[in-house]
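Scrolling down, you'll hit the structures one after another.
Shared between the two complexes below is subunit A, which has subunit B as its partner in the first and subunit C in the second.
And then the complex of A and B:
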């Protein structure tokens, strides 16, 4: 039994590595338009993965999580304008996002359910207003620019494609490790019953704040890369709640509480919305809304969740049959 | 100057109060954070615009019609889109109400485009003076009407059988079910009532301000703050929250600058959430 599982595990790893290698070489064969779409998919998968850690595993829905995306983008822009290279600016931006998440996390994570979601929306709005009004530092509501990269657009787009791809892969790996560690069991126990987890000796406050800091870390890196990729950012763009609602929809479609779910969700939703944009421009909002409702009603466990459920049920049935025949 | 500011804030506060109550009831009693609330408010505005343009009926009369229509729409949405998903928890209802918002926004964009619209009634420009302060007539009327509707809602909630049933369900669901209250029916009526109040607010809003699909986000931001300030599901709390927010915004615009007023409201909301999660006005629950 153990060897069978091990074999399966190895097979999965080989499949994943093969997929990553294919995606690394994919830009050689597709046009710039598709490279752009894939880059967006990788970015959304990263954010969705962070939402998944908070909501799918821990049961706290951070609706205003986009504030870390905005902080990442704006801090990178400010630091790079000061002359720092990108490889120092983005880590420093992500450090500032972590600090903000810890400072805000201690008071806000005491709230539960609806209240937590709403408090994060409020904080996002407040931070956005500060960015809009600190005109000397951030450029105000008119937005700010990143230094222009001296290379042909083709090379630049590939550079960002690879950056987002690696970010997504690393995020997913870290999430996998975190979720399957002892710390990860703490995270899940908070979703199941926070008071019980507390009385079992899990330091829930520490667990919650650390989890939020991890989610903020990767979201802010995604923000930094996004800003550099777009080379122009404005407050109402990088603090837009649409990023989070999209990511939540992706998480739900892929399957909340699974590692592969957000990635599949990002692929499905981005493809659908891209088709909606090009196919029926005028109705794309309604199309997205109707698609969301249909998905929530008919695949509430998400694609990955439904598949694993099926496999599990089948295994249980098979083992029952085996018992019957053996017995 | 000070008196005029007070009057302006009070008149704005009446509208905010009415707007906040619908959202607060939906959230506090039916347990649904209705992200489509802004869309419902705007739907009220646009419906009264159609009625005004086609039949020349005054918004203060057509609000009865828009309210009734949005009551039905709210009941429909609750019965067919939200009730089946209640067990799924907060994520599902949030996402579905957001999806409804997107659909309504798309419809509004298709039918009326993104332009700003106004309803100009014949007496829009007139005003009167009282104790040295100017009262624009439409604003004064909306304040009066809002006050009457809030009072009627309160009477409905405390003195009718259905209202008492809604309160009973909100207070203790199992206990209410045990004495024969149909809990889903009560949630449905309450949700529909909240939507209707939103629609009426939209109609009143349309007589004063211009509106476009863009206003949706502004409305949602406001009602969150009002509902939290007053305590969820609390009618007088939401009314006080609305008036308080109007005062904060008006004085904030004068003393700190108008671009900070949104942040002030949000910061107050977060502080209330952290320090007094049952709202500024006392009790843990009304009833």
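And then the complex of A and C:
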């Protein structure tokens, strides 16, 4: 039984490594248009993965989580304008997002359910307003630019493609390690029943704040890379709640509470979106909305969640049958 | 009674909800390895006392000492980590997890002064599941098991935390008579095996009388009587609280 599980585990690892290698070399064979789409998919998968950690695993839906995306983008822009190289600017931006998440986390994570979701939207609005009005530092509502990269667009887009790919892979790996660790059991217990978790010796406040900081970390890196990629950012763009709405839809479609879910969700939604954009632009959002309703009603566990449930149920059935035949 | 035997010392705790005195200056002690029954009519304050002692509710006044440590101002998770824990009257399983994972969470996060990395915790969880007879249901999601199994699981989860004092809040509510017997046996066996101190809250008289070394009776938030099961049964104040004044007089006359 153990060896069988081990084999399956090894097979999965090989499949994942193969997929990553294919994606590393993919830009050699596709046009710039598709490279751009894939970069967006990786970015959304990263954000969706962070939402998944907060919502799918811990049960706290951070609707205003895009604030960390914006903070990451803006801090990177400001620091790079001061002359810092990108490899220092983005980590520092990410650090500032973590600090913000910890400071906001202590009061806000006391709220539960919808109240938490709404409070984070409010905070996102507050931070956006600050950015819009601190004109000397942020460039105000007109936005700000990143330093231009001196290279051909083809090469630049490939860099960003690889950067987002690695970000997605690292985020997913970290999420996998986190949710399967002791700390991860704490996170899942909070979703299941926060009071019971507390009475079982889980420091719920610490767990919640730390989890939010992890989610903020990767979201802010995605923001930094996105800003540099776009080379121009404006407050109403990087603090746009649509980023989170899309990520939530991706998480739901792929399967909340699974590691592969957000990645599959990002691929499905972005592909469908892209087709819808080109075909019938006005109905694009309606299509997403209807898809979400259908998913929540009929496949609440998402694509990956439904598949893993099926596998688990079959295993239980098999073990029951084995028991009957043995005894 | 030797002082160093006392593991839990509750000193005159009160909880007032506005004008309502849900718990009013209740004091009691529990010695190592003892089963203390905590009974009383509905609304007597049994569950409130549990919430106060385990830190889930703020006390209006009074103090709780556990192993000589003042735990009155501690958070529930801190109290759980030094070995004082409870089950819930209305089961609070960790939804969406399997039975095994529920118990694993207990052994992972329970006591902080022993090894509780994943491997050790898994081993502990398996031992406990065998002990309470849940090993066949370990892969089931909590939504797929019956109420008696959930109660059993909650008890197992608490045991997995390796506590020294457990508040069992109506672990038998909703069980049929044969399940009650089973549950009683389980509690007795585990008490002797693990040297546990149990504060036992229960409505089923047969269970409380059969299991407790000492019984505390609450009424309207106050302690009205304390003593051995037979003493408590003969106490007029207890009879009055349960059956009313008129009946109490008749009983005492006869």
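Points to keep in mind about this one:
As a convention for this text, the second predicted complex is superposed on the first by the 326 of 327 C-alpha atoms of A that agree within 3 Å, B and C clash if a C-alpha of one lies under 4 Å from a C-alpha of the other, contacts with A are read in each partner's own complex, and residues count from 1 in each chain.
Please note the rule applied: a contact is a pair of C-beta atoms (placed from the backbone, for glycine too) under 8 Å apart; a residue touches a chain by one contact, two chains touch by 3 or more.
All values reported here derive from a predicted model rather than from experimental measurement.
In the superposition on chain A, A:107 makes contact with subunit B only, while subunit C stays out of contact range.
By the touch criterion defined above, A:188 lies against subunit C but remains apart from subunit B after alignment on the C-alpha atoms of chain A. Contact with subunit C, but none with subunit B, is seen for A:319 once the two complexes are overlaid on the shared chain. Judged by the touch definition given at the top, the superposed model places A:201 against subunit C, while subunit B stays out of reach. Put subunit B and subunit C next to each other and count what each touches on subunit A; the higher total goes to B. In the superposition on chain A, A:122 contacts subunit B only, with no contact to subunit C.
In the superposition on chain A, none of the residues of subunit A is touched both by subunit B in one structure and by subunit C in the other. Residues 54, 56, 75-77, 80-81, 85-86, 88, 92-97, 101, 104-106, 108-112, 116-118, 121, 136, 139-140, 157, 161 of subunit C touch subunit A in their complex. For subunit B in complex with subunit A, the touching residues are 27, 33, 81, 84-85, 88, 90-92, 94-96, 98-103, 105-107, 109-110, 221, 224-225, 228, 259-260, 262-263, 266-267, 269-270, 273-274, 277. On the subunit A side of its complex with subunit B, the touching residues are 55, 61, 63, 107-108, 110-111, 113-115, 117-119, 121-123, 125-126, 129-130, 132-133, 245, 248-249, 252, 256, 282-286, 288-290, 292-293, 296-297, 300. Taken in their complex, subunit A has these residues touching subunit C: 181-182, 185-186, 188-189, 191-193, 195-204, 257, 312, 315-316, 319, 323.
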